[in-house]
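After the C-alpha cells below, expect a handful of questions from me.
Order of writing sets the chain letters: A, B, C and D. Residues in each chain are counted from 1.
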Amino acid sequence: MNSFGRIFRVSLFGESHGPVVGVLIDGCPPGISLSPYDFKADLERRKPGKTGTTARIEDDVPIILSGVFEGKTNGAPLAITFENNQQRSSDYDKNKFIPRPGHSDFSAHFKYKGFNDFRGSGHFSGRLTTPLVAAGVVAKKLLGLIKIEARIVEIGGVANYEEVLNIAIQSGDSLGGIVECIISDVPIGLGEPFFDSVESVLAHAVFSIPAIKAIEFGRGFESAKITGSLMNDEIIGYEGKTTTNNSGGVNGGISNGNNIIFRIAVKPTSSISKAQNSIDIRTGEHAELITKGRHDACIALRIPPVLEAVSAICIADLILLNKVY
Amino acid sequence: MNSFGRIFRVSLFGESHGPVVGVLIDGCPPGISLSPYDFKADLERRKPGKTGTTARIEDDVPIILSGVFEGKTNGAPLAITFENNQQRSSDYDKNKFIPRPGHSDFSAHFKYKGFNDFRGSGHFSGRLTTPLVAAGVVAKKLLGLIKIEARIVEIGGVANYEEVLNIAIQSGDSLGGIVECIISDVPIGLGEPFFDSVESVLAHAVFSIPAIKAIEFGRGFESAKITGSLMNDEIIGYEGKTTTNNSGGVNGGISNGNNIIFRIAVKPTSSISKAQNSIDIRTGEHAELITKGRHDACIALRIPPVLEAVSAICIADLILLNKVY
Amino acid sequence: MNSFGRIFRVSLFGESHGPVVGVLIDGCPPGISLSPYDFKADLERRKPGKTGTTARIEDDVPIILSGVFEGKTNGAPLAITFENNQQRSSDYDKNKFIPRPGHSDFSAHFKYKGFNDFRGSGHFSGRLTTPLVAAGVVAKKLLGLIKIEARIVEIGGVANYEEVLNIAIQSGDSLGGIVECIISDVPIGLGEPFFDSVESVLAHAVFSIPAIKAIEFGRGFESAKITGSLMNDEIIGYEGKTTTNNSGGVNGGISNGNNIIFRIAVKPTSSISKAQNSIDIRTGEHAELITKGRHDACIALRIPPVLEAVSAICIADLILLNKVY
Amino acid sequence: MNSFGRIFRVSLFGESHGPVVGVLIDGCPPGISLSPYDFKADLERRKPGKTGTTARIEDDVPIILSGVFEGKTNGAPLAITFENNQQRSSDYDKNKFIPRPGHSDFSAHFKYKGFNDFRGSGHFSGRLTTPLVAAGVVAKKLLGLIKIEARIVEIGGVANYEEVLNIAIQSGDSLGGIVECIISDVPIGLGEPFFDSVESVLAHAVFSIPAIKAIEFGRGFESAKITGSLMNDEIIGYEGKTTTNNSGGVNGGISNGNNIIFRIAVKPTSSISKAQNSIDIRTGEHAELITKGRHDACIALRIPPVLEAVSAICIADLILLNKVY
C-alpha cells in the first residue's frame, strides 16, 4: 500500500525523529549515471531557510545504499537515505495526547492504535518529502526531453504575497497557496482509459504530498462553467497541436501531445502558534493547545520541487509502461 | 493497468459498439445477497431520458455471469455484462479520421496505433460507466452504515440551470457542471500516508470517469486563500468530531471520522453539433467537423450515480484493507 | 488475488455449472490478429474424448466479448467466454455435505463459509482451464520465435501407459502422470533476482492448474544428489550456449538463452468410483462416499495444452516487462 | 517486480560488496514488539562457520532504520539493514568478464547490459538472504500458534552426509541437498483457486532463494506414480483432519487444516575450485576458470532458516489477506 508506480516503483520509509528517512526505488533501468551531487539542486530548492519556512534545517546529504555501481545504476533496487540530525523531540510531547487540529495526530493515533511515532508527526511528516524529492531526481533522468516545472501562483490568495505572509507569521498563523505544474514535450499516448488515466496517476501521487486539498487539470473548475464550444481545443497539427489547451494536455485520460498543466491547492500549515481547541484523547476532555516546535508558516513555498518530483515519478512510470506496446 | 483496488478489485471491459460492456469484480466476500434487481435503482438514475441527455437508451439489464450462487456471492470472481443493443455505428464513420476536438479520438488513435475501436469512442465511451455503476452497487453492499450521496451543485455555473441548459441545447452546444459527494458515517483510520491517502484513492478513481477535470476535498481551492487558524477544524469529541469540516474528513491522508466531502468539475460534453476545426489524420490537413451521433448536451446530469459508484468502490476497498490490522 | 501477470494480466471467472467460464486479459498490445478460429487447435488438444478422460464434452466455442475490432486486438481489455451446456448438476448434490477426499470440496466450503458453488467444484473446476488455454492462445501470439511444447513423460509411473491406464479405469480408480515442458529460443535476460525469478513466475502459474503437486527445473531433484562439477553447465558460446542444460535455462532466476525445461507432477484425479471414507460436514460423522459424475480417470492426459498456456502467459508477460529496459 | 506479498510486502535491496544489504517491509500491523535481539537466533542459524560453509563471516547486526517506536512496530514501513564489512572484492575481478558456469554472472551481465555489480554476485548474492531471514523473523511474529520448521533431509544424496561432504570439500567441489519444511497448526482456508494457491505463493517465494531447482508438496513427484485411491487423504474429522497427508495440507490450492509439507532441491554451489570451461564475454573466446573467493561448498546446509523465513512471509501474508473475509 505504501508504494507507488507500476514499473518505476517508489516506496518511502522513515519517521521525522527516527534515525533516517529514505526511499527504495525499484524498476530503474541500468546504466543511468547517478551521484550524490545530482540531488543537490532539487534538495536545495526544497530546503527551508526563506521567510515563512521552518527553523529545522537538515543537511540532506543523500546516502546511496544500493543500486549504484561505479557511478551508474546497476539495475538492482536503489535505496537512498537521509540522516535526521536536527530533530528536537521534546517539542512534541504534548502532541501525544492532545491532537493538533487540522493535523494527522488524531487520525494516525486511531489508525495505529496509539503505536504510531507521534514525534514530529512521525511517518506523516513533511520530512518524508526529502526522499520523495530524491526519487524525483532519479525519475527526471528517465524523462529525456520532457521538462517539468512547478511554480507558486499565489500565497494566501495573492500573487505578490510578501505582505500577507509577514502578517501571518507575526500573528503566529499560517497561509496556504496555489502551485502550478507544467509538463512539456510529453509524448502522445501516455495513460490508460480505465483506471490509470494520466490525471488519475498524477492526482494519486499529488494527494500523497501532505497538505494538498485540490487539483485541477487545464481549465479545471472553470470548465464546469463554460460551453463545449469554448472548452474544446481545436486540433491544428498532425502531432496533435491544439489552438488552446483547456484540457491540460489530456483527453480520455491519455496524453495528447500538448503540455500537461495542472494546479494544486496547498492548505495553510496546521501547526500554528495561536491557541486552538482540541481534546485530550485519554479523557476526551477539552484541552487548549498552543503548538510548539519549528514549523513552516507556509509550506506551499517549499512545494514546487516536491510537486515536480511526484510528477516526474508518474511520467517516468507511464513512459516505461508505454514501452511495452 | 485497467484494474482498480487492492482487495475489492474492479476491471472494466467492452466497447460502446461491441456486443457488451461488463465488469469483473475480484475480492468480494462470500454470502452477500445479490440479484439483478439490486442494480435497478442506480442504473435508472444513470440512464438518459431527461432534457440534456442522449437519445440512445439501452435496457441496461445486468447479466450475472459468475460469482453468484443461489442468490448470494460465492467468493469467486463476479462477472456482470450488459448488452449493447441500441448502437448506431454509421454515425461514427467520420471520427475514424477526423478526431473530435476535446475528445479521446486523437489520443486513442495514436496510443493504439489506429487499431482502437473508434465507433462511439469504443472503450473510452461513457457507456462504460454502466458496468462501473454496477460495481458500485456491489460495493455499496459492503459499506454497512456508511452512506454515499452525490448531487449536482451547478450546471454551466448556475444552481437553477434549466434556462442555460435549454440555450445550450438549442445552439447545438454543451455544458459542464459541478457535482458534490458526501460520504457519511465513515470509520476513523481509512487510508495510508504514502501513497494511498483517502484523497489519493478517491481522486484516482474519480479521474477515470470520462470528462472530469478537477477535484477538491473539504474547503479545497479556498483553503489556499485562508489562514491556518480559519482552516483548522477544532476537535470537540473523543470520536474525532470537529466544529467545522474544512479538511473534508481527511487528515494526513487518513479518514478522521467526519464526513468525507468532495466536489468535482465535469467539463461540457466534447461532442457538439457546432462546426469545429480539426484535422484529417491521414493527411494532416485541416477539416471541418460537425459531430453527429446521439450525445448528452450535459453529461454532468448523469454523473451523480457514477460518482457514488466509484466512491463506494474506493471505500469498500479501504474498509476491507483496514480489516488486516 | 485472482489475477496473474504484471503487464499481460489474466483473470479467470466462472463456475463449472454456471452459465459460462471466461477470461479477462489486460495488457495485450493492439494490432494482434485474433479470431475464434485461432483457439481451435489448443482447445481441441485440451478436450476430453480419449480413453481415461471425462464423458462431459463441451463445444468450447470462444465468444469474444471485447478487445477485438475488425479481427485485431484493439488495445482494450479482452474478454472471452465459453458457454457451459453439458453440466449435469444432479450428480453433485452429495458433495455439498460429504467432501470428496483429496478434493477442494472441504477447504472451499470452509473458506467461503458454505456459500461456494459446490456443483462440479464450482470455480475450482478443471473446466476453468478452458479459458486458461484461451489466454494461452493469445499469449502465444506475442512470443515471436519462442516455441513452447509440453508432452506427457509417463502415466502411473510408466512411459507406455496404456495398460496401467486401462486397469485403473476398470477398477474405478485414477492415475497421475509427469508432464515436461520445453520453451525454446528464449531471449537472455527474462526474470528478476528477487522475487520474480523465471522459476518463481512459472511455478506460481503452474501451481494454479488443478492437481499439480511438484515442479522441477532442469536437473531438478537430481541436482541435489550430484556435485557442482557435474551440475554446472559449461559455457561455450557468446550467446550463452552451454554444453549441458542441467540448470534448465535459468541462472540466478534469469533466463540464460538455453531452453527452459521443467517437469511437473500431476496427481491422480481425486474423484474416483471406489468407496472412500469422509465425513458429513453438518454433523462431523463418518460417511462413505462413492463419487458419481463424469470425471477424468487421468487428468494428466489433458494437461499438456494447459501447461503450454500458463507457460506462454508467463513468458509473454516477462517479455513485455523486459521491454521497459 | 522486486517485491513480494499482497499485504505483508517485502522488498530486498543491497549488493554483496556494497555498503549494506537490507529489507523494506510494508503492511506489518502496529504494536508488534521488535528489537534487534529478536533476530539473533535465526541469523545465527543462517551464518556460516560449520564445515562446508564460507569463510566470509559477517556480524549480521540488524539496524532498524524505521517502523519501530519504543520497541514496537508503529504501522509505518519497516526498514532494516545489515552492514557489509567482510567483503574482499579483489577475489572477483575475474568474474567481470569470465562468467562462472552455473552462476548468474552471464545472465545478469546481459540483462543489465554490463552495468550490474558483479562483485560477489552483487544483488544476486546469497548475502541477500540475511535481510530475507530478517523479514522472516518479523513475519513469524504474526503467525500466532502456527509453527514453521525446516530441516535437512539429505546432502549429496545421503542422510548421514559428513563423509561425502568432506570428499567434496577436499576435491574443491560442491554438493547440493534436500530440505523439508513443515508448517503446522495452519488455519483452514488460506490461498485462492486462481492464481494465488498456497502452493503458488510458497513456490513463488521459494524459487527466489538462490540455488533452488525443485519443489514438491506432500507426496510430490511420487503422486504421479500412484492411484487416486492411494493418494486421496480420507477425511476423519470435522476440522479437516485426514488419515494420511499425501496432499501436503493443500487441496484446490486452499489449506485444509493439516500440516503443509514440502521439500525443495538445493543444487550444489556453482562456485567451485576445480577448473571449468567458460568464455571471455569480451571476445567470445574460450577461457578456463578456477573460481577464487570464499564460497560455501554446500549452501544447502544454510538453507533451513532461509526456507522458514520465506515460508513465514508467505503464511503471514495469506493470514492477513484472509482477514478481509
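In the analysis below, a contact is a pair of C-beta atoms (placed from the backbone, for glycine too) under 8 Å apart; a residue touches a chain by one contact, two chains touch by 3 or more.
Bear in mind the structure is a predicted one, so any value in this text is a computation, not a measurement.
Asker: Please find the path from chain B to chain D through touching chains that uses the fewest steps, and give that number.
Answerer: Contact-graph shortest path, chain B to chain D, evaluates to 1.
Asker: Among all chains, whose Cα centre is located farthest from the one for chain D?
Answerer: B
Asker: Could you let me know which interface, C-D or B-C, is made of more C-beta pairs in contact?
Answerer: Most contacts of the two pairs: C-D.
Asker: What is the distance in Å between the mean C-alpha positions of chain A and chain C?
Answerer: Using C-alpha averages as centres, the distance is 44 Å.
Asker: Any idea how many Å lie between the Cα centroids of chain B and chain C?
Answerer: About 37 Å separates the centre of chain B from that of chain C.
Asker: Taking each chain's centre as its mean C-alpha position, how far apart are chain C and chain D in Å?
Answerer: For chain C versus chain D, the centre distance works out to 25 Å.
Asker: Of all residues in chain B, which are in touch with two or more distinct other chains?
Answerer: 1-3, 6-7, 12, 27, 30, 75-76, 111, 113, 123, 193, 321, 325
Asker: Using the touch definition up top, name the residues of chain A that touch chain B in the complex.
Answerer: Result: residues 1-4, 6, 10, 12, 99-108, 110-111, 113, 121, 123-124, 128, 132, 154, 156-157, 168, 173-178, 188-189, 192-197, 199-201, 203-208, 210, 212-229, 231-238, 240, 242-243, 246-248, 250-257, 265-272, 274, 276-279, 281, 284, 286, 300, 321, 325 of chain A touch chain B.
Asker: Any idea which chain A residues touch chain C in the complex?
Answerer: Within the complex, chain A contacts chain C at residues 6-7, 27, 29-30, 75-76, 193, 320-321, 323-325.
Asker: Applying the document's contact rule, which stretches of chain C touch chain B when the two form their complex?
Answerer: 1-3, 7, 9, 11-15, 18-22, 24, 26-27, 30-31, 65-67, 69, 72-79, 81, 111-113, 115-117, 122-123
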